[in-house]
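As structure tokens, here come the structures.
Same chain, two partners: subunit A is paired with subunit B first, then with subunit C.
What follows is the complex of A and B.
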């Protein structure tokens, strides 16, 4: 006998690892099943949590009770609030002044929307939002936490997804724009937006004309307004104020009226539908997975009768046998759970922006504690489902007359 | 007296009729004795061994091993008895396919590590292979059975005879007081039969009691006493006539 370093002795505690190691095909197949369940659960849960976080963020950022927009642009305006594509639209005449005179308006401010071409700073087109710092009540309260001065002409505040150069500028339409602040992630299209004061809009339009397609005709550049955002007075509701606006001028009946509260409600409905389907899908998948695991573990009882009878004869207690089976299945659950969480993390976290875009819904990554908690829940559930699958096996092997089992088939 | 079987009966029901596979069997076995039971298949020999080991509950009668009544023990006590006091050589191939030969032989020694009666309460990871008394003993047993060179092989790489010899080594790893062997030479050639029977004889001579069920006439000359079992009933044979 050589005096080589000792290997760890095989004991009833280490037997499950040996069994899994020596049956690579069975172990891999079972682990893959649990991995699929974990991917579905963790992926689905993170998707749901992120959508809910996005919706909550959207609700926090809306600020206005009513948006008045040009004819036939309501859907574009709604898209701005959720997670839609950037767009350019504007009134072709001055309606902002007239609209703000309607009864029931507490505050009114205007914004201008320009969709840039693909810019160096960004993965996709940038939404440029011009606002009036002196009347604004929507953006300023949000910006205040990051930037407490008044935005000067030519300056810019950008959303979380915009890449700002190390020198604190963004290149857009062939020129650099100083960025004075970058906002926190909202999970909406606002993350891919640049906020400028209304004074800067003509500069932006001119810059666009020099390098590419002019963002809007020159005659509108100085006065262009895309939407009038309204906060209604106490005691008024947004629909009543909209009716009041229509009564100011018969032509106003054709204007677009967007109710951000309604947008939130419809987004919530879409989100509830999506999460409902997801829950049904994940539940069905888990039931099928559990059936597969039960079948595989159950059939392995026959395959392993001799093995367990042999252990009984050597002096293994029923508890030891149960421990071997439970540890084997728990380890498969644990491996599958960990691999599933890692695999779905590789997709969910790097492609968060893409997922949000594809869903066209507000999508905001939840914080690290929530992610870690969901990872732990997934791994624990996967381990438990693995253990549950071996219950039949445990019951059938608990029969007292083990040696008779051993003699079967001889 | 190490083994005392008293009026042991086990009944089964076949096609609605009760029959006794073991019918009022009594026998005793002292340390140092090798007792053989012969008889045709289906006459209750294996059922008797199962009841002695506590793997099968008797319909009536008692089994006492080393002063302990088997039928009153709980699962843990019974398992410990099987592990520490009894070494069982099974009829079929019962080595664990996922373990090497040496690990198969060593495994029973790890079942009750905190047992004060155990001779294996040792560091679970000794500094070197040669420091591990369980491994040393397992290798010595494999050596004495002529299969030491197969220590790192897996059971599927072994012939039937080699597997049987490894099973015997496994049954002896905990130095049992009672060795029960169900057809220990069943599928062995003459040379292997001699190796196995010499070893069982030596085990008996060293102080253990050996109870063996066999069909093999070549195994009987090693026995101190021979019993025949017919239709569940046990009868002692003339010791001068050891042919089957």
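What follows is the complex of A and C.
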């Protein structure tokens, strides 16, 4: 048999929860304020953490100091490194061999980029990256953790977001390609890429010609190179090596030079700007929220004079009154914090793919321990802010003239 | 009145969003002529049916007393669970993480399903308390 509200026995321990229950509008309004603060804090913090994780992942994947690309394709090449759209570009003459002769180059390898078509319903647009397994120093190191054999002609290694059939193949240009490994999530456009050896590029181009328009002209298919990736020697910097390359041939002055370190730096700047705005917004919101809570709790002292006076007459000490107020505000903080974290999680986690796609920045979901820690921090902060809001109330009760103040209500 | 809004208006709004979402703002992949429709197409069809049923139940809940409304909202909560099960377990969406149905339709239906369950559960609790 459950106790009805009228018959429920109220003890000093249950008094705060009963007070909150008896003032549903005030309790709901204060909980909504704390919920908004928690949503902003948890949502903003998760967004920042995921962007930082994405940037760290991008930095780990950039093995080259310099990328040499065809004229006017630098922005497309930069997009490949961050979270941009797939694209196709290539040199129309053999520059890879000449470029690698420049002074200051420790290692050089070439890559070929082809953007597949978004054909039927679930054939998505992929970035196909052809690389040379014998000279590669960019992809192999992180592919090695999941696939330690040499990639054979016609085989493919795909990123985490690529739709692989249950039989371990991918359909591209109306043909099925065997997938030998699927890589872990990186939060960059590499997740939506398929890696093939340079030997497979002509097959891919032919396949594209059969089902749609040819990805690149037949004469370039066998030798096509989209970029030369360079690791500079110790003591050289990427800019100096770029100048050395330009000196090799006057025509090389028009080539595009991309500095992955610089791309990381500019991505970091965009990310810092975004997180800076977020931090200012969250701080302003928390200050406003704290002011609202302080005002509501502060004004409630006058409103509750009779209630406090009655409790004092019944034998409650000043400490007990303070305890009741602090527990009431802590409960509001706790409820608001929990609801805020749950509400925020409901949008942040299911929509993480969409958020990353819209931001066009490397975005990688952090691990469970970090998520749980951030949830705990948010709930603790919400509880503390709730308690801090009742400070004004507690101070007024603690003044020597409190007895007279309380008597005003008698 | 408060319970009528929670038990009636909220399911109407959520049901409408569940029905309309996969056809409009959270659309699934387009079906190309001569190609077999993918799983996401059937998920959208199922969501349309379930959404309409939720909205109709919400409409009925506006005109009945508390006990019946509580019963209707138990059904709405179960339908909310079905809204989550359709794109995740029963039918599914395209596997590619960058596909629109995977990136937008799936999370939209999960969020709408969770909200349907939460609001229906709150209404059941309130109506059951008032009915005592």
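The rule is short, and it goes like this: the second predicted complex is superposed on the first by the 382 of 410 C-alpha atoms of A that agree within 3 Å, B and C clash if a C-alpha of one lies under 4 Å from a C-alpha of the other, contacts with A are read in each partner's own complex, and residues count from 1 in each chain.
Everything that follows uses one rule, which is that a contact is a pair of C-beta atoms (placed from the backbone, for glycine too) under 8 Å apart; a residue touches a chain by one contact, two chains touch by 3 or more.
Bear in mind that the values here come from a model prediction, so they are computed numbers and not experimental data.
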Partner chain(s) touched by A:172 [first = subunit B, second = subunit C, both, neither]: neither
Contacts of A:347 with subunit B and subunit C, given as first, second, both or neither: second
First (subunit B), second (subunit C), both or neither touched by A:161: second
Touching partner for A:192 - first (subunit B), second (subunit C), both, neither: second
Contacts of A:230 with subunit B and subunit C, given as first, second, both or neither: neither
Per-residue contact with subunit A, leading partner among subunit C and subunit B: B
Partner chain in contact with A:317 - subunit B first, subunit C second, else both or neither: first
First (subunit B), second (subunit C), both or neither touched by A:9: first
Intersection of the subunit A residues that touch subunit B with those that touch subunit C: 4
Contact set on subunit A toward subunit C in their complex: 4, 120-122, 124, 160-164, 191-192, 346-347, 350-351, 353-354, 357
Subunit B partner contacts - residues on subunit A that touch it in the complex: 1-12, 15, 18-19, 21-23, 306-307, 309-320, 400-404, 406-407, 410
Of all residues in subunit B, those that touch subunit A in their complex: 46, 50, 53, 55-57, 75-76, 79-84, 88, 90-99, 103, 106-108, 110-113, 124-132, 134-136, 139, 170
Subunit C to subunit A touching residues, read off their complex: 29-32, 35, 37-38, 41, 94-99, 102-104, 106-107, 110-111, 114-115, 132
